[in-house]
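Per-chain residue numbering starts at 1, and chain names A, B, C and D are given in the order in which the chains are listed.
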Amino acid sequence: MSAWWHRHEDVRTWVALSPALLLVGLLFGGAVVMAGLRSIGLLGIGEGGPSLAAYRQLVTDPGFARSLGLTLYVAVVSTSLSVVLGIGAALLLRRLGAGRRFATTLFQLNLPVPHVIGAVAILALVGQSGLLSRLAAQTGLLDAPAAFPAITFDPWAIAVILQYLWKEVPFIGIVALAILSASGDDLEEAARTLGASTWQRLRHVTLPLLLPGVLSAAVIVFAFTFGIFEVPLLLGPSSPTVLPVLAHRRYTDVDLAARPEAMAISVVITLVVVVVVLLGAAGARRAIRGDAAVTEVGS
Amino acid sequence: MTDIHLDGLTRRFGDVLALDDLHLDVAGGSITALLGPSGCGKTTALKLLAGLLRPTAGRVRFGDRDVTEVAAERRGAVMVFQDHRLFPYLSAGDNVAFGLRMRGVARRERRRSAAAALERVGLDGLAGRRPGELSSGQRQRVALARALVLEPEVLLLDEPLANLDAHLRAGMRELILDLQRDRELTLVVVTHDQEEAVVLAEDIALLFDGRLHQHGAPRTFFERPATARTARFFGTTNLVPGHRSGTQVHTPLGELHVPDGAPDSAPDSGPDGRSGRGPDGAPGGGAVWVLVRPERLQVDRGDSDHPRVTGRVLHSTYLGTRTRAEVEVAGVRLTVDASDDTLADAGPGTSLTLVLPPSALWTVPREEDGRAALSDPAPAASVAGTVEPT
Amino acid sequence: MRTIPRSTLLLLVIAVVAAGCAQASSAPAAGPDPTDWEQVRSDAEGATLDLHMWGGSTEINRFVDEVYGPRLAELGITLRRVPLADTADAVNAVLAELEAGRTTDGAIDLIWINGENHATMRQAGALHTGWAEQLPNAALVDWEDPAVALDAGLPVDGAESPWGSAQFQFVHDTTRTDAAELPGSYAELATWIEEHPGRFTYPAPPAFHGTRFLTQWLYELSGGAEAWADGFDEDAYEEAAAELFAVLEELRPHLWRGGETYPNDIADLDRLFANGEVDMTFTQLPAGIGANVEAGTLPDSARPFVLDTGTIGDHHYLGIPVNAAEPAAAMVLADLVLDPELQTAKLDPANGWGDGLAIDVERLADEDRAAIDAVTAGFGDLALPPERLAEVRLPDAPPELTDALDRDWERVVRQQRPRS
Amino acid sequence: MTRTEPATTDAPRPATQPTTGGAGATPRPVALAVVLLLGLLLLPFVPLVLASFAQGYFYPQVLPERWSLRAWQVVLEPDGATWAALRDTVTIAVSVAVLSLVMAVPAGRVLGTRRFRGRRVVELALLTPVLVPAIAVAIGLHVVFLRLGLAGGVPGVILVHLVPATPYVVLLTAGVFANAELELEQQARALGASWWQAQRHVTVRLVAPGLAVAGLFGFLVSWGQYVLTLVVGGGRVVTLPILLFATASGGDTAITAATALFHALPAVVLLVLTSRILGSGALTTFGGAR
């Protein structure tokens, strides 16, 4: 037994992986399969046979299309801005001399703060009767809450995006800082002696170096901003609303007939995220081919 | 051909003085080695030359041009780093072409130049590889090609041979020497290895603790070291305490005749004459170490009229190309190397007579602290606090 | 990605099959019999009672925990109050349990419920029926009163036991809106809105207060609540709704934020009102807004008012899901809350709530009635006099009407599509 | 996806940035920009703090006209809902951290140190649950959990929190093992240690700090989880996020603010403590804790 065990490394490998894979397979895989089956009318209480009625309903519902559009818009805008501002913040923090460690700690203070809290806080800050509006009133800039820009519950979901930025800019920034502190200075020095100007170093060294790591981080940000439920619920426009809120609304609709639709929406959410993850993974792999090879040869 | 002049170059990191008042002139078209143990300030000096660090004080001049305030990217000095620093996201060819791209050279031209540069360093055909797919030696050569393709006036190499296997080192050394013969560039090499400095450089600047200790031709360091510390760094193992009066030195081995190591008799002292005798190399009387390299001690065959001493062999070791014996003479341990078979029979306890040719002897000042012959003379500054980027 | 290990697929299949097998098949147990109250009491002993209720009000939560908790403990029952952000979550949880075949030992023993949620659960057969009138304290309830016996037009059938009563009221701020210019009807309200652009809004249906606000408006447009006394009439609805949504469309630009967005619930509206973003909010409490002012969520200068054309008064109830794990304990609490002493405590805003009575004052002993009068006398001007409320009280609408209103509102107002 | 691991160089690095002028020298515009950046990021906490200490904090008050400890008294009331929620939240989060580590250690070790067929697929399979929105997982699993009797209870919530937590902890653990010098284990064996002794005296000591961070990460994933708890817990499991949401729906801004701060504080304290102990490099991991 023991000899057999020691000879078969592949068996040991899969045995070691099995608890985690079983959990993910059973629970996550189960969830996806269940949602999929129920979205086509299987396994639920219903009119019996499988049908694509729920999907047909979604396709023909202009509300769904608008929700999908809004969700994509929020995720894309939040992700792009987070990447740009996060990299900017990292470059800024990197130039700090004294106090850099302290500033970095403050910079990532938001990271472990749950999203619900962020949403409550952003509302208290930028709502029409929020702190900023009050400051404007106290300084005589504005005379009424309505005069303050309506950026909560607004069709452009600005408060939602602000909340995501509040949380994700530090995330991207920290990822970027980690990459830069690993090899950024060294490569930028090399580029300097090869004649690269400040701008050229940013363009040809810093950004390419950040690309794979930040791309991975951006995929994570996209997935989260595409899928969060509580933030748009607290800050976002109610109609159209984002897909996760729509899915929950349908799921908790007292009309049980809306459930397959909820399942179908959650399948759509899953598919969009999986596609983006695969694209991002492929992109990151291409971008880091050299990098990955370093570890391969080096180890 | 660009001369380099360093004038009182000083760099502090916080409380640490990494480089202290370095004065050095490097002749255009020469190879100069900045040599010293790790933490001596040599890489700091190189980065100051490259413009990657700003000096706390002092000036850097390339020829007549004062480049102290000139940014690294406009200085015309290219540095090759010890750890290659290839851009991991670019192929070898694109790495080599990087500098040309920064200059706005057209793609086709860049390709051609990069291919030529890669060929020069013996890597033709590898332009498409990513750095991760190259061996350490290949990466080092790509880094070199990346610098050469820019045809810099000044090329700065940081430990170019340090990370290479023995056979790669030889190839790389040949390559560097070859480059130097071809082009008229001024090369400054940083190394911690005295052998490497000797074979590569025409001129060596030895740094200890952020200060220039001795500067001169490689031979000087072997034959006319300014201090015991230099001597020890260059592997001289026999240091015999003595007292000099005139050309006579009184030692446990007897009276030895050692010519006065006055500046004029020390061949090829530093151009500025500062370091010929080292900082404490006052000529004249007083406590000295008498230095003699193991290979310059000869086993007496009875055909020499030089002074000789007799001692007892402690043990001997066969080292392949030579045999080394430890001999105790009048309470002093001497190490002697012979490349022929004269030591073949020198078993422990054997009596052995050694010849001390006057030309093999050299003295350096000795502080009157009565230390044992092989203990380290008191260092000039504490090494412990020194921080220096390598 | 093309080579998903076959083993992974296998695991998924196992997961699905395992889930399917676990489906229980037993039928819902018949509930305990409240006529044998001793038996119910002894069954309830040692139980942990899961009471699911909207948990947004710290004061109400505290009242439940601190008033009912100890009394239940004396009866050997541990109260576990589960706060909900929305009662529909609990309704949905029960339905999901039933759908999953969990017909006994469910998570929820008692739900605070009324209106649409009651209708939904009844429709799904998710509530125990026929027990409420048999509770010992049910004798204090006037079951003849349609306001008790009909929940949103649907006969209660002993499926839920009344807990308290409420009546819709408007709230204004005396520093901003003079009592003299307050509207007396929805028609006047529409004018008021036009004259005060951006100063009015209402919670988006199906939020409770939003639906009720629109239902009353529909009453006014369709000739009063009496028009619906015989139940839902499709044609009458179509006619009135067409008019209502036309008015809403006209008013849209004059609403807060140009009618582009609406508060999610009454808490949002209260916040807008308190911060001066709008000039009106609503309350349901017969004891008025004393508790809100006390907590600092509404300004001191806020006052309730009602329309002369009337506002809906109704009861709210406690219901027991068919799959409740502790139905006996649930009945004990449903009975306990009807205790005159506890009803009086609940009415007093000083105890944090100020909820209306579920019991009939006429059926009480004199001393109990005196205690209630004492509490009512202390309401002050933060509540309307009970006579005024009684005078304009309207019955709730049939659930079909509120359902239709919610659906149409979602379509017409939110999604800007024609009513189908 | 591959996380970029810091390259290790044996070369000592200068204490200060070689590219900047001197030690501690920060250009003034940079310092100002950093102050602005940090100010913006911390600004949302200001109205929360103000509101939590206020009574009747209405527009246009900037500082409360009436300061009050009422909200904090309610929130911190002994035997109150907050402490009960804290207890449940901690119970769940600690269980999630421990259980996910138990599963992650063998898997992470294999992923971090061995190459085998199917590795990429395993990595991708582990990454997907981290990224697929919780709402999809919650809706899909709810009925299954109901059938298994897991819905509405703490065990079910722990189990469902493991779905997003475990994969991330596995991937982090893989990084920890990949960077640990496990050759030392062989060295220990060569010096006569048994397999168990080698694990105990060498491996555990090498990976313990990294595993602690991974576990902390699992803790934080669970700490902030709302949808999964809401749907699977069916409202019966009241963690701090659930309590916060219910409180927010009640409209008492002071209590909402105090509850929010009460919920945020432990996570922030953990972060600061960890950054003290481990240095900022390890903190990239917190990015996913949301």
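Just so we're on the same page, a contact is a pair of C-beta atoms (placed from the backbone, for glycine too) under 8 Å apart; a residue touches a chain by one contact, two chains touch by 3 or more.
Computed from a prediction, not measured in an experiment: that's the story for all the values here.
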item: Shortest walk length in steps over touching chains, chain A through to chain C; value: 1
item: Most distant chain from chain C by Cα centroid; value: B
item: Pair of chains with maximal C-beta contact number; value: A-D
item: Chain A and chain B, separation of their C-alpha mean positions in angstrom; value: 55
item: CA centroid of chain B to CA centroid of chain C, Å; value: 89
item: Separation of mean Cα positions, chain D and chain A [Å, integer]; value: 15
item: Mean-CA-position distance for chain D and chain B (Å); value: 53
item: Sites on chain A at which at least two other chains make contact; value: 21, 25, 27, 30, 33-34, 43-44, 129, 145, 183, 189, 212, 251, 288, 291-292, 294-295
item: Where chain D touches two or more other chains at once, by residue number; value: 16, 18-19, 22-23, 58-60, 124-125, 143-144, 245, 248, 253
item: For chain B, residues contacting two or more additional chains; value: 52, 83
item: Contact set on chain D toward chain C in their complex; value: 54-60, 66, 68, 70, 74, 81, 118, 121, 124-125, 142-144, 146-149, 151-153, 230, 234-236, 238, 242-243, 245-255
item: Residue ranges of chain D touching chain A (in the complex, touch as defined); value: 1-7, 16-20, 22-27, 30-31, 33-34, 37-38, 41-48, 50-51, 58-62, 102-104, 106-107, 109-111, 114, 116-117, 122, 124-141, 143-144, 159-160, 162-163, 166-167, 170, 220, 223-227, 231, 241, 244-245, 248, 253, 256-257, 260-261, 263-264, 267-268, 270-272, 275, 280-281, 283-284, 286-290
item: Chain B to chain A touching residues, read off their complex; value: 50-52, 71-74, 77-79, 81, 83, 85, 87-91, 98-99, 101-103, 130-135, 146-147, 150, 156
item: Residue numbers on chain C that touch chain D, as the complex places them; value: 1, 3-5, 8, 15, 18-20, 22-24, 50, 52, 54-58, 61-62, 80, 82-86, 89-90, 93, 96-97, 99-102, 105, 107-108, 265-268, 270-271, 274-277, 295-297, 299-300
item: Parts of chain A lying in touch with chain C, wherever the complex brings them together; value: 21-22, 25-27, 29-30, 33-34, 37, 43-45, 62-63, 128-129, 144-146, 150, 153-155, 237-240, 251-252, 254, 256, 278
